[in-house]
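The chains carry the letters A, B and C, assigned in the order they are written, with residues numbered from 1 in each.
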Amino acid sequence: MSKVIIAGIGQTPVNEQWDVSLRELGLQAIEAAMQDAGGLRPTALYVGNMLAGTLSRQAHLGALLADFAGLIGIEAATIEAAGASAAMALRVGMLAVASGQVDAALVLGVEKLSDQVPAQVESALAMGSDTDYEAEQGLTLTAQAAMIAQRYMHEYKVPEYGLAGFPLTAHANGAHNPNAMFRKAVKPETYAKAGMVSAPLNMFDVAPNADGAAALLLTRADLLPSGFPHPLVEIAGSSAVTDTLALHDRPDPLTFNAARLSVERACAQAGILPKDVDLFELFDAFSIYSALSLEAAGFSPKGEGWKWAQDGAISLTGELPISTLGGLKARGFPGGATGAYQAVEAVLQLRGQAGGAQVKNAKTALVQSLGGPASTAVTHVLRITG
Amino acid sequence: MDIPRHWRLKKQRYALVGEVCEHCDAKLFPPRDICPECGEEAKTLFQFSGKGEVYSYTAVYEAPEGYAEQAPYTLAMVKLDEGPLITAQLTDLGAQKPAIGMPVEMVTRLLRSATDERGMLIYGYKFRPAVAQVA
Amino acid sequence: MTENDHDHEHARLLKTEHPVGIVGYGAYVPRYRLPAREVARIWTNGTGGLPIEEKSVPGLDEDVATMSIEAARNALARAQINPSDLRAVWVGSESHPYAVKPTSTIVAEAIGAVPSTQAADWEFACKAGTEAMVAAMGFVGSQMARYALAIGMDTAQGRPGDALEYTAGAGGAAFIIGPGDDSLAEIESSYSFVTDTPDFWRRQYAIYPEHGQRFTGEPAYFKHITSAGEAMFEATNTKPEDYAYAVFHQPNTKFPQRAGQMLGFKPEQIATGLLVPRIGNTYSGAAIIGLTAILDVAKPGERIMMVSFGSGAGSDAMVLRVTDKIAGKPQLATTTEEYIARRTEIDYAEYVRMRGKLTMK
């Protein structure tokens, strides 16, 4: 199987883009990715999106965006896996290119959350949980994460601000990302004074909902345009795994089992161990997710993931940099588009284009997106290739 | 209005009627027809006692659509005595603080705000501190 | 009185062909309490007398359906019968959640009584609950059915500032009526006294009821309660001292005390069932939740007289005799006093929010 190369990347700023529509957001990212790839034209478009049907009253995004981007005639479809939608679209694009059926696959993550009021957005995001048995009880994803955190802190005796290091690191890193929603480091005392959203989560423990689009153009190495200007980044490993949709149906709600399996499988495919990676773009929609994702990936024993946040080990110069361009917390959370941002940011790191957030000598990156509390986990290993 | 969707679930919602696996005796809620414990078919109805304890909880201030009039409310995961863990609101807390391990019992309550004068009323299970614990 | 006269008196009684009684009972009172002084603080600057101490207030997620479900579950726990053996689920209330669509089907579904059952909602102001009980007596006493469930439950409405706002509470009770031999209290007879008396009403689409103020007393409440009670004494050839307990509809603390006095009962006979000072007027539930408090403590052989009152107007009087089967029954479910003890005080602002008196549109 020939190597699948990420030939082009593009992204829009993540924030509330009142004057930009869903299709315009998508177009900006597509144009940027095509330009970055040296003019390579896609033959297929896979759109990662979760909520356009509900929040933008628009289904059929494949046809819409192929049309609007001047790509009429190519195959196009939407891939949906809640927060992991765009990561799953990346996997589908990778499979399509690797199979030889598609020469150049454009993967677009796009989400417009600001067209509806917050209560409607919360309801829509909760559709990614079990509607009949979770959302109908008044559950939001934030409340669910708060319950995970409450139990986790209780069982493992985590001190009051034990998870604070995750958002503080993300905000410090986001300061270097021109596309991030928040570009300012946060002081520990500011975190300590922040208003509670759903105890024990305060506003810094919850990623902000926002609009955004990011795109990646995939092709095989032999199809790259001549004079391709960037270091080559390949998708060395890819795995998508499901767990119970409802958190309460798991034998242990404090374990992200799908995240564990997908890391193991993606790393095995890449022929590496998780400890071999230079950075980990994890899915920090909530601070507690960071701790559980680190445990799932095998970086900590169960119940000790929070300890990574204590002493700078996850900073840009630490042992395992995470959320290097701000993560979901500081870059912002554009719903189903998030996985595309995570992959784009990992590519920037591997190419050495991450600016002030650059992780030195980054050769291999682990990228993981979650749908809900890892009801879906999609993990990719990206690395520099010759 | 999702009438059929709610109507289908009434037995489960009003009274915590789940299933029991005839093969391994696992009690299932929500009902799921295939036993997650042994993989066999599980379609026999089972009436849960409604007794359990709080596994975890939180307060919801930013409520989703349809729940705003009851906010802030307490959401919990409740470990039923028969085994399953379920997501449900805690109610009738009064001035009591919820706590992990708190004994609770099922009550049937309005799940959503009843302030829409035209809409249908959705009833379902919630949990409250066991009355004996209060008095 | 000649023998003929006595037969005539006796013929006015509603007596079943076969003995019937209560085989299970259950109460429900919501957790929240609004002190009457809070209403006075807002509307009279704290001056004037208070008709009760405090009233029960339902939570934001409670209504007559949810409250009836809980009382019915308590009644089933005490009756220890299979809910599918109920042939009627009847809910009396003046605060049914739907204007059109039965509360009773929701209750029947929740307790597992569907589908082979009657289900209907009853309405007769505050005597809708005893109305359902009398109907259940007929159902069981004619042997059309072995068991019938009758509920009286209300989340009563009172216009802000109105005299009713001090007292309009929430609560009620459920009774499973069954064969006399299985009963924890046999219902020996009942008698109903009804006239057209417009002392209190709520028109279609109105949120709050209107009432005739002092007119609700003598010609309405007292006339009907005492007429029903006296007729019952006469027809059953009994006197106040034959009863261990008496319980009446209780719109405030004074009315039932005075009605008891007028009928010749002593304060200690009415004390156990007089719950209105602590939970307010529970309308369709008021007399019958008093009965549950009595059953929680009554001894075999004791007689109870209950007289309800519903505006509009009418009274149902019942004579009950507690049997040996009462032993151990109260402990099978939450007792009425346990519900009353489960108490969280709220202020007027919380009350206004909980009762939906804040306009959100």
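The rule is simple: a contact is a pair of C-beta atoms (placed from the backbone, for glycine too) under 8 Å apart; a residue touches a chain by one contact, two chains touch by 3 or more.
Small disclaimer: the values here were computed from a predicted structure and weren't measured.
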item: Most central chain, Cα average position; value: B
item: Of B-C and A-B, whichever chain pair has more C-beta contact pairs; value: A-B
item: Subunit A and subunit C, separation of their C-alpha mean positions in angstrom; value: 60
item: Interchain centroid distance [CA atoms averaged], subunit A/subunit B, Å; value: 32
item: Residues of subunit B touching at least two other chains; value: 70, 89, 111
item: Subunit A-touching residues of subunit B, taken from the complex the two chains share; value: 5, 9, 30, 36, 55-68, 70, 73, 75-77, 84-89, 100, 111-112, 122, 124
item: Subunit C-facing residues of subunit B, complex; value: 10-11, 14-15, 47, 69-70, 89, 91-92, 94-95, 107-111, 113-115, 121, 123, 126, 131-132, 134-135
item: Subunit B partner contacts - residues on subunit C that touch it in the complex; value: 30-32, 59-63, 65-66, 69-70, 97-98, 106, 109-112, 334, 338-339, 341-342, 344, 356, 360
item: Interface residues, subunit A side, partner subunit B - complex; value: 118-120, 122-123, 126, 130, 132-140, 142-144, 146-148, 150-151, 154, 196-201, 246-249, 253
